[in-house]
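Think of it as A, B, C and D in the order they're written, each chain with its own count starting at 1.
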Amino acid sequence: MSQVAELLPLYNYWITIFLMISGLYIVVARGNMVKKLVGLSLFQTSVYLLYLSPGKILGGTPPIIAEGFEVYSAPLPHVLILTAIVVGVATLALGLALIVRINEAFGTIEEDELFDRDDDDA
Amino acid sequence: MTDAQLVTLAVFLPALATVPISLAASRPNLREAISLATAATTAVVVLSLVPGVIAGARPETARFSIFAGIELGFAVEPLGMLFASVASVLWVVNTIYSIGYMRGNGEPRQTSFYVCFAVAISSAIGIAFSANLFTLFLFYEILTLSTYPLVAHRGDEEARSGGRVYILLLLGTSMVLLLPAIIATSVLAGTLDFTQGGILAGTASPVIIALLLAAYMFGIGKAALMPLHFWLPAAMVAPTPVSALLHAVAVVKAGVFTVVKVIVYVFGLDTLTGIGANEWLIYVASASLLLSSLIALTRDNLKARLAYSTVSQLAYVTLGAAVATTTSVVGSSLHIAMHAAGKITLFFCAGAIYVAHHKTEVSQLDGIGRKMPVTMAAFLVGSLSIIGMPPFGGMWSKWLLGLGALDAGQAFVVAVLMLSSLLSVGYLLPIVARGFFRPPPGETMEEVKVKEAPTACLIALMITATLCVVLFFLAGDMQLLLEGMFAPPAQL
Amino acid sequence: MRLDVIVRVTTKFFLPFMLLFALYVQLHGDFGPGGGFQAGVITAATVILYAIIFGLAPTMRLVPPIVVESMVPLGVLIFLGVGIAGFVTGDNYLNYSHLAHDQVHGQELGVMLVEAGVLVTVCGTMIAIFYTFADRGRS
Amino acid sequence: MIEHHLPALLVVVPLVAAVVTALIRHGIAAYVTTLVASWTLPVMALMLLGQVLDGGEVSYALGDWAPPVGIEYRVDGANAPLLVLVAAMAALVATYAPRSVASEIDIGRRGWFYTMFLLCVAGLLGIAITADAFNAFVFLEISSLATYVLIALGRDRRALLAAYQYLILGTIGATLYVVGVGLIFVMTGSLNMGDVAARLAGIENTRPIFAALAFITVGISLKLALFPLHVWLPNAYAFAPSMATAFLASTATKVAVYLLLRFLFSLFGTDFVFVQHPITPILLALSLAAMFAASFVAVFQEDIKRMLAYSSVAQIGYITLGVALATQTGLTGAMVHVLNHALIKGALFLAVGCIVYRTGVFRIDQLAGIGRTMPVTMAAFVIAGLGLIGVPGTVGFVSKWYLVAAALEQGWWWLALAIVASSLIAVVYVGRIVEIAWFREPSSRVRAGKRLPIEMIAVTWVMAGATIYFGLDAEFTAGLAGRAADTLLAGLAGPG
């Protein structure tokens, strides 16, 4: 019981871990390339949470200096994650573009079917 | 020129000659003239060093640092002097022979043949003059690589598979055993320089020393110590001049030369005998010596028989080094030269028979002596020298080997030597007997016509046969040279 | 949809305000939430809305693909250029202090220029992605 | 003045050039921009190296924000050689490129190709130069995204699959890395490597830090293709355009190796990683598996580029083996092999590029007789191949010497034997090419073909010549590697 009480307040990490593992699971388990990419996105998203949630200080305001406010949330994680989001979007866009071209070139985006065709090529 | 410059010149001259040789690819006469001129010049350069070395000079070149204390450099000492002289002198003869053989057989890609050959000789001389283990290893590997194209020269399946065995075994042993042994030496001794008395004394426990010795002995695959000998018969698919110079002289002798050099200058005779690490090697070398002689008896292919004979003769050198007395080591070193002259003659004859009559098996040689009297006479001379009869060079080296073994109290080695001489009588002389005393199939003795190999081949094999005799009389001088290995360095 | 008068008129009415809002978000980025990313997306949304209502071809006439594709590197170039301006004014790369007469204004100007670069790139990227996928399957 | 800005310029110049090529889009103009920009890089990198050799470290604060608050670019003994390597490879490959690229990539995409190449260069240089863990992630993704595009631009449609596969695995790797960095950030509140190293000192043995070590190690190992995380590599190298393959093979994995070294030695510290935790046996086992398994697989490949790719996986095993030993000699061996393998693989892939340009042949069995029809190219191939085997006189020997010596220093005879034994497999796969190339009659496919442009053959030979030159005069490379090892083992000082 005491362990649960200890771990419960860290729920933000539990969510991160859940998202991370489900994302990774989708990447591994799904044969459809688009679904894989969805999983990958989920996986990356979990990282945003990992960075952002410890940066929030309860009762803190956005980090803009103003009279009467002493406690600010950490600004740095937001900046980092903004960059990470851009990277994530770029990866997603590139992945989707690749999938479109794979579909044009092979006529399918299912991995097991692709591997069959791949063998014919070789 | 100073001696040091001459040493550098001797090593690099053949390598440099590859450029004009390749450029003259479309003009065979010019190409071969260049080869011959280079060979002659190299021999003169090498021989010009001999008197100085006998007098006690030890010319050294500047060292060129590679990394972390590993250096490239050359230094001449008596053993290397002998090996370099043998290789360079016989290269001249072999070039004459090659011209006759390659043209007579109409072999393809002769330019690459001459190029690879020059590189091989360059590296053989490099091995002979190397001042430390690294330099030796560098040229050792270049020698392996440059001779691979020569072995696979014909390009058919047999040649390719022979080449595969050749490169895998030689590169393999040197990479897997020799290289770690060298690195271990470097780690233990802190140096790789060849030093009188050895560099390993007192650096490691006797067990480690014995293991290192094993790594060296089997790592030097070119010495063809059984059971790592089978690359040599496989390499016999090469054209005969290759078998003659490389697989009777340069390559295999580079192997046993390295064996002697390592035992004398890396381990040190006293270190070895002091801890008894050499005992096992005596038995392995003896076994190798006798077994390969026995195999040679069973081989019908002439070149294969000669190859196994070579394996056996190489074991003499290793055996002498393993006995590790000064006399036996001098005998070993002398055997490098004596066997070279004898075996190259035999290979020249085998090649001459192939060029003239396309015969490769011993059983096809009935009456060959009547058709090729000069060739078979030379063959007889070579055989007798290998067997160790006076007045041929081979006698002296065996004599010294036996004396050395008695010094060390290894009487059984003497028995091995005598037994193997008997065996060599058994596998060499029947060929001569068959050639002279049996009529060729389908002909009678009277109607046989003389048909010898091209003149260039004949000249070459007559020179080497003569050399077998000359060496008998030069043995004293050579012994004097070699004993310099153990003399304190002369103050010049 | 092209015939739907209400949608067309409303859209035409909306577009300038959307652009104006984008500009507000862009310039207000210094003081509150906002900045080049958001403004770029809103600007791109304007173009995309136009394309949805009036069709791809007229949009491509209005905002040619070559312009869109040039916007992506152009924005990055603006950003890099501002950074390089730091060299020229004798500071380290990305130091905007000497872009204007004093440090505070210099920093402000630098950040504004950088945000402008971000706007151009983000807007260009968004429209480019839209063009690429909207254009597929037609030809 | 300009010397002071070199660290920033090294990254900014290829970035600006990438943007400019994207703007002009025209094939030839884009190429000229690429060429000019790439040749400024080695000059700058060498100047930086000179500064490091003279005066220790070079630190550059972006925007004059003093580290650890701002992003710091930092050049020391560990990354200066790597910068020189990446920059020099970029310049050489760019020189080699124009006609090779023209023959492999459609005219409309050439400008795009050069943009991606320059982005990749900028990303790799950025990873190597930055002292900020998150900045390294950004550069890692910049170079990776550019790499995915470069691979996808390959001729064969399977290039798309290879790029997709790499995209998935590469992104997972980068994300794992950034998770680890996040954990460190949460624990220390800093991203500056020197600052983190100092702040980690007291809190090493906490669970998040240990998790961070695991995440970062696995994440970077994916990028550097440590066996068994290498599955993306063979296809990626096999189907990418020749010039891209040559560049990636000689730089991309090497930069990832550097990043791993930086974290293991400089941030976490040798003691924490190698003494308190059993990283050595794990890394050693994986390295040995790579050296043997990947080499063995290489022997049976049909496609020459795939064969070389598997050989790359094996060679990475040698590098990680040196890392696993975690001694001065071992690290020197790893670092010198980073440089040496780059030279070797660069030369090999460039030679393959020449073959492909002239004959269009990839399959090994169709290369019969190629040694007689393209003797100059194949001679370069063989020289580099000998380097792969580790024949003395080539750079491969120098690496092997250090690795074996490092194993023997530890008294691990079996390891020394394993190192040399695995190089025997290289004899088999290199020998196979040699045999087919020279001792088979040339087929009609290798007889016909275009004339080989002079710049392709020249660059290939520069690389092949370098494998010999630095094999015989290794004081420079081994000296740099030794210095890098010292720097890494000494740990990282706080931000300066």
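Simple rule for what comes next: a residue touches a chain if its C-beta (ideal position, glycine included) is under 8 Å from a C-beta of that chain, and two chains touch if they have at least 3 such contacts.
Owing to the predicted nature of the structure, the values given are computational and were not obtained by experimental measurement.
Steps from subunit A to subunit D, minimised over paths through touching chains, total 1. The chain occupying the central position, as judged from C-alpha centroids, is D. Chain pair with the larger contact count among C-D and B-D is B-D, by C-beta pairs in contact. Per-chain Cα centroids separate subunit C from subunit D by 37 Å. Between the Cα centres of subunit B and subunit D there is a gap of 44 Å.
Centre to centre, using the average C-alpha position, subunit B and subunit C are separated by 80 Å.
Averaged Cα coordinates give subunit A a centre that lies 26 Å from the centre of subunit C.
Residue positions of subunit A in touch with at least two other chains are not found. Every pair of chains in contact is given here: A-C, A-D, B-D, C-D. Within the complex formed with subunit C, the subunit A residues making contact are 62, 64, 82, 86, 93, 97, 100.
Within the complex formed with subunit B, the residues of subunit D that make contact are 386, 389-393, 398, 400-402, 404-405, 408-409, 413, 416-417, 420-421, 423-424, 427-428, 431, 435, 438-441, 472-475, 477-479, 482. Interface residues of subunit D facing subunit A in the complex, by the touch rule stated above, are 134, 137-138, 141, 145, 148-149, 152, 156-158, 160-161, 163-164, 167-168, 171-172, 175, 178-179, 182-183, 185-186, 191, 302. Only residues 64-68, 70, 72, 134, 137-138, 141-142, 145, 149, 152, 155, 159-160, 163-164, 167-168, 171-172, 175-176, 179-180, 183-184, 186-187 of subunit B touch subunit D when the two sit together in their complex.
By the touch criterion given at the top, residues 31-33, 37, 125, 129, 132-133, 136 of subunit C touch subunit A in their complex.
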